[in-house]
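After the structure tokens below, expect a handful of questions from me.
The letters A, B, C, D and E name the chains in turn, as written, and every chain counts its residues from 1.
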Amino acid sequence: MNKILQIIDLKKNFGAITASNNINFCLETGEIHALIGPNGAGKSTLIKQIMGEMKQDSGEIILSGINISNLTTEDRIHLGFARSFQITDVISDFTIFQNVLLAKIGKEKKFYNFYSSIDSGELTYEEIKTILLKIDLWDEREKPASLLSHGERRQLEIGIALALNPKLILLDEPMAGLSLDKIEKMKLIFNQIKDDVPILLIEHNMDVVFSIADRISVLVNGKIIASGTSSEIKSNSDVKEAYLGTA
Amino acid sequence: MLKIINLILSIGLLLASSLVFADGHKLKVGMITTLSGGGSGLGIDVRDGFMLAVKDSKDIEVVIEDDQRKPDIAVQLADKMIQSEKVDVLTGIIWSNLAMAVVPAAVSQGKFYLSPNAGPSALAGKGCHENYFNVAWQNDNLHEAAGGHANSAGFKNTFILAPNYPAGKDALTGFKRYFKGSLAGEIYTKLGQTDYAVEIAQIRASKADSVFFFLPGGMGIGFMKQYAQSGIEIPVVGPAFSFDQGILKAVGEAALGVKNTSQWSKDLDNKANKKFVSDFQNEYGRLPSLYASQGYDTGKLLMSAMEKASVKDMGSFREALRSADFDSTRGQFSFSSNHHPIQDIYVREVIKEGDILTNKIVSVGLKDHSNAYVSQCSM
Amino acid sequence: MISEKNISYISLISLLLIAIFAEYFNEPYLITLLSRIIIFSIAAIGLNLVLGFGNLISFGHAAFFGLGGYISGILAIHAFNSELLISWPFLFSGSNNSLIIWLFTILFCSLLALLLGALCLRTSGVYFIMITLAFAQMLYYFAISWPSYGGEDGFSIYVRSTLFGINTMQGLNFFLICFFWLLIILFTINKVVKSPFGLALRATRFNLTRVKSVGINPFKIQLIAFVLSGAITGIAGSLYVDLNRFVSPSLLSWQMSGEFIVFILIGGLGRIYGPLIGAAFFVTFEQFFGSYTEHWQIFLGIIIISTVLFAKGGIIGFILEYRKNE
Amino acid sequence: MNKSLILKLDNIYSSYSNVQVLNGVNLLIRKGEIVSLLGRNGMGKTTTIKSICGILKPHSGKIEFNSVKINGMESYKIARLGIGLVPEGRRIFANLTVKENLIGSSVKGYWDLDKILTLFPIFEERLSQLSSNLSGGEQQMLAIGRALMTNPSLLILDEATEGLSPVISKKIWNVLREVSNKGISILIIDKISQDLKEFSNYSYILERGKSVWNGKLAELSSDNSKRFLGV
Amino acid sequence: MTAELLIEQLLNGLQFGFMLFLMSAGLTLIFGVMGLINLAHGSFYMIGAFSAAATFAFFNSFWLSLFASFSSAAVVGVIVEKTIIRKLYNRDHLDQVLVTFALILFFSELIRWIFGAFPLYLDVPKILNGSIEIFDGIYYSKYRLFIIFVGLIIATFLFFLIGKTNLGIQIRAGQYDREMISALGVNISKLYTLLFGIGAALAGLAGALIGTIQSVEVGMGEPILILAFVIIVIGGIGSIKGALIASLLVGLVDTLGRFLIPWVLQTITNPSDAMSIGSAIGSMLIYILMAIILILRPTGLYGKILS
């Protein structure tokens, strides 16, 4: 297996508070790697550093062998990152199609094109169709995102990430607020994707995590306290103590 | 579709209404003047004086518009007057910068322009034009007289200030042309400035023996009030503009005893002036100002020319204007070769008549005074 | 059937028809008014690119309008007086040729927009509004106190610039030049807004994080839009000076910036033809209401407030809505 | 069951912009009772609190406080009726001093500055300090003090011990017991813990915006615990 | 140049600064607490001045007209807040800019309708007429000293109100977290109305104080409004302290710049050019100052919160 993403000794302090305390982990091809931890454990801070929205104090982030520690978000996107947001963040005035198209335009650096019409279909129409079919939103492609249900927005988030043609996808609580059948649907989508694109999954729903994650890392107080398969994590006493409660 | 029909109908109406007024016998005057903002008192007086003069004429139609003392608005209004109202004669502009923006374009389009107030040097010298007549004064005139008066009053060290615009520069140039003493300071203020604390402090510090200022309209009121307030007791000299009837009330007691120079005063002893002063009071219920007299003379000049020639015959009409064959409120009045007045300029003093502040002539400053730019005009 | 497209065609054709009627009935002032409508709408179309589609509330677009005006005026007055404008690296005494004037206008307004944009786009929200306003005010005061070109008084340029030997002093000819510019700019904006760039620009108004997360640098997108916007508004300033044959600092005044925003609002926010409808309404309102009462601005104020509070779609939005309900 | 009702939520539906978050929440609190509200993240706990406090207006259902219908009321009026909120993330006014935080919204009554200082002696020396300098636990205490200073009859705590160390959490529990002893009813959201089990008289569990279980926590089966709370 | 002149100009700068503070204090609070960009603040300045002039014409009392200025501006402010402004709190900045721009048009034209276009003038009361020797050989206008004095009183009052009273605590809390202060039982909309009224009253008072030595006319509020905007951006949105310091800074920079730059230039060129160039640079100084401060500190000197 190939290491797609490597995090090495990542540190970040906010004043006296340590948000990332020597974090080390990696994401490999073909896997879903779940990152779990209680609220305030430093997951959001970690994601922001991985995405380049926040600068780490020290440590390195390596993408397929390239050190990207000091690159901007845009550059990281162009090198192969994609993410979904915890609170769905699609552009609500755009249609589903336009939301995905925007990602395509961004990825393919077509945003300095002033003359082609986005309505004419000449722009990567087929590729977008493939993506929308994959996330099951093709029939509703002309619907404005503001009219989508919560679950459909989650699906669209995945679609946008896929449109970036990424080397890996970072999913921040993709299941939050979804109904059980929607969750099942999402699981299917993830399992379909992961062979092409490995997934770094941040998720609270333990059922989901335990059923689809190939590996799980547990973050507590800015530190990774355990890493392993579902069964390893389930039986780890440190994890039980810190995260699952001593119930 | 209904919209378009409506549109066409309304345009038709608009066009029809303008056709009705296109009557060849009348003379149409476009008056662009300042009727709002800080300089509105001047425009209102010019308008009222002019309208009083032409009140009984059935052949003059006057269109009046407010330029808000903004050059760009004046330019647009001039376009409207010429293109839409199709006036024959333009008049009314108070401010020299507005005159510079409007007059050259208007006269080059074959319109007459009679200036009731502004007389910038550029339009008296190289930029003079056969269709441009100034019925008030060349800008320097009253200041030249003030310079002369400062000499005879024995002032040796004067502080002078004026707004930073063409007439302001003309004013200080005019004053300096006749004043023989030295200058304790020379300041150009921002046009339309309202607070003179900075300038007054400089006057106080300058140890001058007198102050000459040219700040027309609201600027002069503000300056005089703040000057009186500051407790400086150096005598002030100025042109009539800051001590004229329209603003004396606002300046208040601070103005009492101030000497100022003017080509007109309400106590000038001639028949035309007496009639003007009493007619004006009857019509508007207030004492006339210098500006009102200028507006009145402009109207009278126009009517005298209409009696001699039709405005459609531009050559004869121009000759008729040039002869200035009318009874001026100033008595003697004629045009120099660059179409600016030759007239007496008086020294007045602010006095109190009962409760009302007004002016009284104390001497003649300059006799049969013309202007310094005649030789530069090729007319 | 009235659609947004039809409204725009109708308004363009009406402009042309009214101008021809006016020429026929010898009403040159009406043509002047129509030219003013077009020029104002070009200025507002420029602003609309950043404000309507990028949600960048520039309260300083008069800076570009004024710069365009001053560039044109300065070139023209030097040509008129045959005075040297620059003596190095080559001798140049202005120009009376519209093409050269427009070229300079676009060049300098783009440069100014690039400079101001690079500074102002560092900020956002209220600070962006204030800093654009402040920079425009700075230019305004500079123009007022700069003695070489008339200072507060401004200066006259006496004749309009010439284009291919057309007599531009003839009202209809000048109107047609403005009209032609309007068509070009509408076509351009239409194309740009519907292009990938336009999609990216429209995305920046909603969500910068999202835009960044798909690999687009919003700053660059906004800056390019700002430059394009400044150049378009600059062209309007150039035409406006030609129309009035007069240049003054009031071109740069903050009321001017405010009025551009009002045109956009009245016409309909974020609509390509909004500024045209808005400017037409404004000028017509000013002329016709203004002839009934000099206090027409009271009613304008009330109309603006009601539009913002109750009819955010502006005139176009209102018509479309009305048709839909019928 | 003979104590009088203080708060009653009857089939509450609420939504954020277009997303339906609450789909029928029912909840009862009696005078002097300590009720806990549980559920996994994103299940609508905070939304329930916001709906009670009037920060969010429910679009159907009924909320009664001391028999007064309060849904649709402005939040300041609800607060004045006697609901004190300790919100998620504390939301202390970081630009104010500790004292200003406490007295800014205070209402005359049993709880005054002296009582609060007795409850939290650490503030005594730090009254004039900027509250942003406080640690997380101290901020939580300040938020509790601030709510108590409005002299509420119902205290609502959203994530009472989140992110706090065990020592500090213990302190908070002790304070809450003391508050409860003064007769104030408490509605508390927190992760399930031994302390919570001992502290609360009664519990409600939300799943996807719906009340799915209620009863004494001790009676929660491990199946249900796993199903609803993931534990 | 003498020391007397410099001191008198410094006092002029202070006086101008305190006037600007009266304008900017209300504006910065409204801005900081309610997140409202209020272009119409200059209209309250004008309304205050006109109320004073009208009262003065009837009763010939300066003190009564001063009272009329801030009370009428406060009343108009409260009415405008209750009818229009409160609909804007949750709108975007564009809507706020447009509506308050429209309010300027409305009020300016309404005042022109009622009072006419001619400027009005008030008289300085006898007791404040003339000048006073403040140091040996240094005279200064009593009225301008009075303005400085009023400015100091208002500044003290505001610092007390904002810093020490419960109302002030609530205002600052509302600035930080509007929703939370509301959830703690504070009627935020009443607080807003009150605050808006206070801001309007201060602007109205400034209008009357300045109108008395200058003139009272339509459009008098806008130039000073833009300066007030510059001040709150320099001082930091929402900070009274920032507004005071920035006001005095702008007042001094503007006054001294207007006087010193031409004075320096006069030594190298003629008075007219020195004045032109000097006033060009002088009037740009403030904006240059603002640009520099914004680049160094994007939220102003004392601004902390970015909405």
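Following the convention adopted for this analysis, contacts are C-beta pairs under 8 Å (C-beta built on N, C-alpha and C of every residue); 3 or more make two chains touch, one makes a residue touch a chain.
Only a predicted model underlies this, so the values are computations on that prediction, with no experimental measurement involved.
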TODO: Go through the assembly and pull out the chains touching chain B as well as chain C.
DONE: E
Open item on the list: Please report the smallest number of touch steps linking chain A to chain C.
Closed with: 1
Task: Separation of chain E from chain C in steps, with touching chains one step apart - done: 1
Open item on the list: Can you tell me which chain lies farthest from chain D, using the average of the Cα atoms as each chain's centre?
Closed with: B
TODO: Please flag the chain sitting at the greatest distance from chain E, going by CA centroids.
DONE: A
Task: Two chains sharing the most contacts, counting C-beta pairs only - done: C-E
Open item on the list: How many angstrom lie between the centres of chain A and chain D, each centre taken as the mean Cα position?
Closed with: 33
Open item on the list: Please tell me the distance, in whole Å, between the geometric centres of chain A and chain E computed from their C-alpha atoms.
Closed with: 51
Open item on the list: So the centre of each chain is just the mean of its C-alpha atoms; given that, what is the distance between chain C and chain D in Å?
Closed with: 55
Task: Inter-centroid spacing, chain E versus chain D (mean Cα positions, whole Å) - done: 44
Open item on the list: Can you list every residue of chain B that touches 2 or more other chains, as numbers and ranges?
Closed with: 164, 190
Task: Residue list for chain A, restricted to those that touch at least two other chains - done: none
Open item on the list: Where in chain E do residues touch at least two different other chains?
Closed with: 112, 272, 276, 279
Open item on the list: List the residues on chain A that touch chain C in their complex, please.
Closed with: 51, 53, 72-74, 77-78, 82-83, 85, 89-94, 98, 101-103, 105-107, 109-119, 123, 160, 163-164
Task: chain E partner contacts - residues on chain C that touch it in the complex - done: 51, 55, 57, 59, 119, 122-123, 125-127, 129-131, 133-135, 137-138, 141-142, 144-147, 151, 254, 258, 261-262, 265, 269, 295-298, 300-305, 308-309
Task: Touch list for chain C against partner chain A, complex - done: 191-192, 194-200, 202-203, 206-207, 209-217, 221, 224
Task: Residues on chain C engaged by chain B in the complex (per definition of touch) - done: 10, 14, 18, 21-22, 25, 27-30, 32, 144-145, 150-156, 158, 171, 244-246, 248, 250-251, 294
TODO: Sort out for me which residues of chain E touch chain C in the complex.
DONE: 31, 37, 84, 87, 91, 93-95, 97-99, 101-110, 112-113, 222, 226, 229-230, 233, 237, 272-273, 276-277, 279-281, 283-284, 287-288, 290-291, 294-295, 298-299, 306-307
